[in-house]
Every structure is written in C-alpha cells, then in structure tokens.
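Here the structure comes first, spelled out in structure tokens, and everything after it is commentary.
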Amino acid sequence: MILYLLELKNITKRFPGNLLALDNVNFNLKPGEVHTLLGENGAGKTTLMNILFGLYKHDKGEILIEGKKVNITSPASAITHGVGMVQQHFTLVPSFSVAENIILGLKKTGRFKIDLRNVVKRIKELSDLYNMNIDPNAKVWQLSVSEKQKVEILKVLYEEAKIIIFDEPTAVLTPQESESLFQAIDMMKNNGKGIIFISHKLKEVIRVSDRVTVLKNGRIVGTLDKGNLDENELAKMMVGRDFLFNIKKTPANPGKEVLKVENLVVKNDKDILAVKGLSLTIREGEILGIAGVTGNGQRELAESIAGLRKVENGKIKFYNLDITNTSVKRRLKLGIAYVPQDRKETATCPNLSVAENLFIRQKNKVRILNKKEMLRNSKKLIKKYSIIANNEKQPIKFLSGGNMQKVVLAREFELSPKLIIVEHPTRGLDVQAMEFVYNSLIDARNNGAAILLLAGDLDEVFTVSDRVAIIFEGRIMGYVEPEQSKVDEVGLMMAGVALEA
Amino acid sequence: METLENILAAAIRSGTPLLFATLGEIITERSGILNLGLEGLMLIGAIFGFIAAYTLQNVYLAFILAMVAGALFSLIHAFVTISLRANQTVSGLALTMLGTGVSGMIGRNYIGQVAPKFSKIDLPLLSKIPLIGKVFFSHDVLVYVSYILVAVTSYFLFKTRLGMNLRAVGEEPAAADSAGINVFLTRYFATIIGGALTAAGGAYLSLAYTSMWIENMSAGRGWIAIALVIFSMWEPYKAMIGSYLFGGIMALQLRLQAEGKINISSNLLMMLPYLTTLIVMIVFSFNEKFRKRVGAPSALGIPYSREEKT
Amino acid sequence: MLHLKLKIEKRLEHFKYENFLISVVSLIISLVIMGIFIWINTGNFADVVETYKELFTWPFFPELGLVDTILKMIPLALIALGLLVVFKMKVWNIGAEGQLYLGAMATTWGALFLFKNMSNSISMITLLLIFGAIAGALWALIPAILKAFLKLDEIVTTLMLNYIAVYWLNYLIYGPWKDPKGFNFPLTAVFPKNSWLPELGDTGIHIGIIITFILVFVTYFIMYKTHLGFELKIIGDNPKAARYSGISIEKNLIIAMIFSGALAGLAGSIQVLGVQHRLQHGFSTGYGYTAIIVAWLARLNPFSAVIVAFLFGGLLVGGEQLQIVMRFPISMISALQGLILFSLLASEAIFKYRIKITKNDPIKIGGEFNGNT
C-alpha cells in the first residue's frame, strides 16, 4: 500500500539574478484527493509545477512518484511518469483538430503513421464520461476558451495521467463554468486520480480542496486540512497580513459625459465580428468596470476606443466629438490614455530604456529630441511612481512585471488624460503592486478622469468600479451595482443569460 | 507539336533543381526555421557533387555526397539559429555568402573540367504515352526521384507522426514542448533535411542539367525557391506546379536565346525569371489567401526558448 | 567544505564596450577559422602567415594600397549608412547592390547623353549626383511600396530587383551604350572631363570622401537626435508598440527605404564619376552585399560604420592583392564575409550569457519576480 502518489522533497530553484524562487519546498499528494497550492502571484506555485512537469530544472531536492525516486527532465518524461498538466496558457495548436492535439507527442497511437479512428472513439468516451461535450474533429481555433480548456483536460485524461495539475483553471471561466469544472474534478478524484489545484481565489479553493498548502515568497507557510479551511485564516497565511486592500474609495461624483459608444461593431484578428452593436457611456469622475469571460470582445472594444482597431459600424464620441476611426495620434492629443493587457507585447519596447519607454507615447511630437529633458523627466517619474530600476537607462525588459506596469501607468497618467482605458491592469502583480494600481485609478477618477476598466477578475471589477457592465459575445448584457451580493447575477449574465430588469 | 513537347520537357528539367530546393525549404519552414541560405546551399551541392563525380566517377555517390555537404552546411545555420537563437534572416544571408565563397574557392580548379552526368532513362511504357510520355517520363533518374519526393514529403508532413510533430513545432512550439516533443531536435532535423534537399537541387545543376561547374551557377535559383515556398503555401504538390512554371520560363528564355529568332538582347531575356517572380508575387498578393499567408507556420522565424516563454 | 558550481545564466544587464567587444571577437574568430581553412587547403602554415601579412600590410600603407582602400571605403560606408537606417527598423533591404547599379546607370545616362555639353563642372557634378541618388531611391521605393501596401517580403523583392538591375546594366553596356571605340569591351565611352569628381590635391582620392563624412553626421543626427530616428528604433524593437504609440510603420518604412536607396544610388554615382569615369562591367565588387556586413559589424552606429568600411575596404584590396601574390580566388573574400557574419551572430548570442562560478554562500531571499505571468 503506497501512501503517497507524489512527494516533492526540499525543492529549491533559483532564477537568473540569484532570485530564490523556491526554497526547500516539501509537498505531497495522496491518490483520490485534491491538494491545493495557494499563494499570490509570484509566490512560486507555477514554478513548482513547471518543475514537476519537467519544464524547469530544480537546483536541489528530489521528486518521488509512488515511492520511487524519479528524474523528470522534460514534459515527455513527466507524461511517462503519469503527470499531466492543464496549463494556464493553453498549449494547443490552433490549426490542428481536437484529436490531433490530444495525441500530439503521444507515442502509443502509432509510431509512424497516424490513425485517428480509435483516438476519436476514445475521446468521445472520455468526453461523455466527464460531461464535456467536445467534438474530436473540430479545429481548435473554432473553440471557445472554456472548450479549449476541456480539450486540455481531455488530453491529460487521454494520457491516463495519475497526477493532474490544474494551474489557475478558473481564470478564464464564468462562475457557472467553474462549478461544472469542479464537478469534473470531483469525478476524477473519485476515480482515484490525485489532483493538484493551483489558485489564489479563496472561495473556490475551499469549495474544491481536501487539503490546502500555502506558499509565500517561495516557501511553505503551512498546510490546512479540509475541516480547518477558513477564508480569513488562509488569506492571512497567503499575504502575511490582513487581506483587505487599503483602498481609499469614496462615492463617485460623475460629471459631464466623456465617452459615448453607439452601436459599435468591430472585428477581431480572424475577421470575425467580436463587438456586435455595443453601446455605453462613461462620465467624468466615474469608473465603469466591464465584467466578462475573456474573449467576449473586451480587447476589441478597448482597442477600437484607443484607435488601434478599425470600427466597422457605429460611432465613438468623445465629449460629443466624433472620433470613430481617427488616428491614435489624434486621440493622444485629445487625452485618451490606454493601458493594454499585454505590457510586454504591446505596451513597451523591451530593449529600449525605461526613459525611452516613458516617452514613446506623446501628446505633441517634437521633431528634434531633447534627451536631457527626457532623462530629467524620467528620473522624476521613477521617483514619483516608485519604480524600481537600476537607473533610467536600464532596458525595460530587465524590470519585474510590477515595475514594468508602473512604467506604463506612469506614462499614461502623465498624459493628463480625460479618458483612461485599462485592460487587466494587475495581471501577474503582487498585492502591494495591485493596491498601487487600484489607488492610482481611483485618484485619477477623483481628479475627474473617466475610466473604462476591463478585467478578467470579478473581484477586481467589484473593488474598483462605480458601475459594472457585463459583456457577453460583444454585447452589454446588463448593469449591476458593484456589490458582492450580485455575483450570481453577474455570473449568469457572463454566460449569456439575459436577466429581467 | 514536337517543339511544345521539347519545351515542356525542358521546363520539367529546369524546374527540377527548383523543386528540390523548394521542398527542402518547405520542410525547414514548416518547423518554424527560415533558411535564406538556399542560394549558398545550392552552390555547395553543385560543387561538392561535381568534385565527387569528377574524382569518384560515380554520379550516384556524388549526388549523395552533395546532400551530405548540404546537410553539414545547414547545420551551421541550425546551430546559430536554434541553439544560439540568433536572427534567422542574417544567418541565412551569412550562409549564402559562405556558400558562394567556399564553392568559388574550392571550385576554382574544376572550372572547364567535365565530369560524368546522369543519363536519360526512358521509363518503359510510360514514356510511350503521347505528349505526356515525352514530357514527364523521358528524363534522368533524378527527375523521377523528385516526383517521388513530392509524394513522400506530402505524406510525411501530413500523415506521419513525425510530420505532425514537425508542423506542431512550427505552429506552436510551446504547445509541442509541453506535449513532450523535442522542439530543438525537431528543428535541427528539419533544417538539416532541408539543407540536404537544397544541395540536391544544386547537385542537379552540375550532375544532370549540365556536367560542369560554373561559378555562381545557381544564378538566383535559391532565392526564387524561397519565393516558390510562399507561392505554394507551404504545400509540396503546389510547389511542383510552381517549380515547373518557373522552370518553363527559364527554359523558354534559354531557347529564345539559342534560336536567336527574336531580336531581343539575351541580357533582357535573362531578366525574365526574376521579373516573373516579382510580378507573380504582386499578382498573388491580391489573393486573400496569399495575403493572409495561409499555410505559413505561425512561429516561422521566431526562436524558441523555454525559460523565456512566459 | 567549499563547493564551487559552474553556472551559465542570462545577463541581466548590458556592459560597457559590449558592442565593440562583440565585433572584435567575431573578427578574430573568423580570421582564425579562415586561417585554418587556408592551412588545410595549402598544407603549409607559412602560407597562412604570408596571407595575413599581406592582408594586413598592403591595404594600409600609403605607398602600397592605402588609396585603393580609401576609394573602396567610400561606397561601402555610404551604402552602410543607408542600410543601418533601414536595419534599425528591422527591414532587410538586401537590394543595395541593385540600387547602386541604378545610381551608376542614371549618372551615366546624364553624363553621356542628357547633360554632356554642360560647361559648368560644379553644377554638372551636383546634378549627376542627385540624379544617381534619385534613381537609387526610386529603385528602393519599389520594394518599400510592395512591403507597405501589399505586405510582400522585402528580402525576396530586393534580391529579384538586384538581378534585374545587373542584367539591365549588362544590356546597356553590351548594347546601346557600348563604346564604339572600345574594342568591343563591355563598357561605355569615357565621361566628359567636366563630370569627373575633383581630387583632393594629388592624393588620388576624390571628393566623395567629403560627401561621405558629411553624410555620417547627417545619418547620426537623423538616428539619434530626431523623432524620426526614435520612431525607427521603436518600430525595430516592437512594431506593436509603435502602432500603439501612433507611429505609422508604412510611412517610416518608405522614408527609410528612400534614404537607404538614395545613399546606395549616390555611392554608384560617386563610383563612376570618381573612379572609373565610365560605366563598365563589374564596376562593383558586390559593395551592396559587403555593406550589409559593414552595417552589422558596426552595430548600426554611423561612426563605427566608417571605421568598419575602412577595414573592409582594406579587406577587398587585400583580397585583390592576394589574388596576384598568392593566387587566391577572389571568392575567398565572400567566404570570409560569411564567416564574419556567422561569428558575429554567435558572439552576440554568447555575450548574452555569462558563466558564473558560485560558492555555497547565503543568497538573498524573495524579492519580486514574475513566476506566474
């Protein structure tokens, strides 16, 4: 009788720059249990799992599976040892079918020629067993986000993994979709699988876990059993202080109408309609939060208001001035700031210095550069926004995620904008950085700016917004007050259920 | 009738080196590696094939040795772009310069020499079919090899496990990696095979198309092959059509020059293949499928690194 | 016990003189490899010594090849200056050779036909130089427009245009422009004296060198002091961020290509007006291609470009000398250039990492890092 399916002993991992990501971490997993790794962003959860899955190499420590020491050097060897991982960012090939994706890299389905018939049959069986309703022959790019996640899960099940890792799986789901995921997880547990669940959301952790281990700054804080799980206690362990944000939010005092979007129609990168006749307005001194599952047109909405995406139909008005399809330059001049969701891909130039990155978006362009003034200004901003960098000439790619985000925020706020569009402003940030971002947004609001906040996380929307709009398939489903009691209502609208007013 | 037959047959012959190189580059690019060194690799294939044939007096062995040389030279590109993650464009240009230079250096003593060449073999029965027989089945053995190679490449890419892995690596290396596929090994494999096939195209020039070595004898075919990969939307069968079309233009140009019936300077005629490439690119760009680069591997030209993928 | 551990890790900062070191290291590596190659080829180590002695002395001594080196430096530097502007925005203009040809052809047309009777030398030369620059710019404008509006890959289009330019020039000098008194050689008649670039004293060096130096400063100013240069830098680093910043990639692409083509065209013009005084077969020994390496080895810095161009001018002159003295083929230079480019890429990559020897010492804990993004 083997007690533990998996044991991780004294795992230590250092990243370049001598950052200690994991410090002597011990972790174990029994068959038929859900053991949660809880911790805030940057605590080392994903790093630990990437080591178990063979994506990273640990510097010290050992991994035991069913009591035997194993050497996991790659995802391939992890899979051979019965470890499967449902990753946070999907690792699927969009142009391949579901079945092709599932057998990708698996050797048992024929070494040379591919024969998909049996594969398709087996996928159907698994899909039925766990109530997933996935067509094995569909191409992955046609699937919705939650369906893609199901494909990831089916892949792991198809591999007959004994240990299944779920890395923040609910980040992309509606509350209702999350619940059906939890039911599937319960079933896997009952079938004797060991589940490692990674999250920083306390409610769902309590819902799904048999045991919870809390990780902070790369170290284990402690482990609690199902009977002792308590939201406050977990929060304290996770953050190291009381979980409440220190946010100075006063009631909104909305003024003139700043942004008016009328029947907006916008296409996505694949030329498919993403925003379908959406209308909304925001006033001075007001934060409008948009709640919704990723991929329901939020990005396209934000980009079309910022001037980065063509509007097919409808109007965008700024203080009653029609700015539909005008240039980014013009919108910068008018005072429209934009914090895109991917700070590395869109919002910054990785090899340019902090100073240069603070300077790339300007209201008024000068033909001849004044480098001295640029450097002087940057020094000021670095201080004002407490950005941690060696100096203003350091390439921005060497900054941490939180500091990079501060650079982006500093640049956009310094435009003294009348309208700020913010997408996922706290993704990957720790609690202090989150607090900073929220307070900056509220300050800007108090100074009279209109803010459009697009967040994936309901907590975020509820913390900061004055009004919450729910988006589904490119339309606004309805509005609610940002009160915790409205979560179920919001969840239903996020899934496309229209509610009676 | 006979003229048409001759021109079409010549189109196949002069399209064959393009076909070898295009197939090679399709395999390489499908794995996500852009190899712009085709021109240099063709010259390497041509000179090594020629020297081997001249010394060993065996064209078959020479052809294989040319491919080995191509594989070894493309290994440099593989190392620099896959292991060191250097810029693929610049590395490809470097490979072209190196190939041009090295082939010129070692080929200096072979200018004006004649080596054995692949002889024409009429395929029994098939070559007797009117028109088609003369056009397709009355060639040297390498042409037949190239026919088979098209089918094999297509089958390999779309029907075998290794081919599927290779395409996955070119589309989503991170996905392939976490599915347990060795991204680096797959890309090395594709680059080396691609290099060998490109060199085979070059060897065709010195072992079958002619039987001599001329400096820079590939004359831009490597670059045209890179354009052909785009025209063919990364599909082997379409590459065949494209290669023969361009082969046809080259053959026609040579024929017009040789006949001297038309009063156009040979220098202007020699522009034809390059001008055609440009014009075809422009015309194609009005086609939506082409403009959106349907078939282009999404990770083409992007180095992969596991630790940096976050 | 003291544990020593060898670790290779990514550098988190650039260090001083990094660019300089990368270039020097790669030059040394490629010379060593080339030396080994020569050694194997000739089987005589003395040959290697002799080769490099020749290569490093002949081109750089006044009574030997120095003037030649400087004359070759001029087109290399001019073209490289143009290239580094487009390379900065990661547009691969491989068509400088063709643009150079067009410049030379346009200048020849002007000198032999359009303005052949012009009496004022200064205005004639100015006109011809502008003519050459415009022709080069127009030739570069074709791939620029094709890329900006039809998204066509500039590498293939510029190369095709190179081949077309070469055959066009050949057509002209073998055909309509052939000098009737030229004993059937592929060359045009000599240009009128009025169009020849004046020499600096009796040095044998024409005033093209002054034009080159002026353009070094112009290029430097554009790249480092203007918003245009800053925009090119942003586009080169992250095109998405450029769009997000309201920068038109298409507009900058066209401006940069025109600049690059104009400089290459100017180089062609200067070459025929200052050196050959006629258009002839093989008037360029692949300057357009060599300049690509010059720009890269100079790490896209205009001042370094002049120095590297001087070294490469020397390399070309040395190569010609070796052809005579050691009977080496001229293609050796092309091979060496390929080697240099490869070594440059390799050392660039290697300099991104550092080898660290760590002892078992306490290490700072925690800190903010980004494990979950």
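A few points about this structure:
In order of appearance the chains are A, B and C, and numbering begins at 1 in each one.
Everything below uses one rule, namely that contacts are C-beta pairs under 8 Å (C-beta built on N, C-alpha and C of every residue); 3 or more make two chains touch, one makes a residue touch a chain.
The shown structure was predicted, so the numbers you read here are calculated from the model rather than taken from an experiment.
If you sketch which chains touch which, every chain touches every other chain without exception. The greater number of contacting C-beta pairs, out of the two interfaces A-B and A-C, is seen for A-C. Per-chain CA centroids place chain B at a distance of 28 Å from chain C. Averaged C-alpha coordinates put the centre of chain A at 46 Å from the centre of chain C. Multi-chain contact residues of chain C (touching two or more other chains): 10, 370, 373. Counting partner chains per residue, chain B shows two or more touched chains at residues 307.
Here chain C touches chain B in the complex through residues 10, 41, 92, 94, 146, 150-153, 155-157, 159-161, 163-164, 167-168, 170-171, 174-175, 289, 292-293, 296, 328-339, 341-342, 345-346, 348-350, 370, 373, going by the rule given at the top. In the complex of the two chains, the chain B residues touching chain C come out as 36, 40, 76, 80, 84-87, 89-91, 93-106, 108, 215, 220, 223, 226-227, 230, 265, 267-268, 270-271, 274-275, 277-278, 281-282, 285-286, 291, 307, 310. Residues 9-10, 12-14, 224-230, 233-234, 237-238, 240-241, 243-246, 363-373 of chain C are the ones that touch chain A when the two sit in their complex. By the touch criterion given at the top, residues 14-21, 23, 41-47, 88, 168, 217-218, 306-308, 327-329, 331-332, 338, 340, 345-352, 356, 359-361, 365-369, 388, 390, 394-395, 398, 400-403, 427-428, 430, 433 of chain A touch chain C in their complex.
Note for the complex: chain A touches chain B at residues 53, 55-56, 74-79, 85, 87, 89-96, 100-101, 104-107, 109-114, 155.
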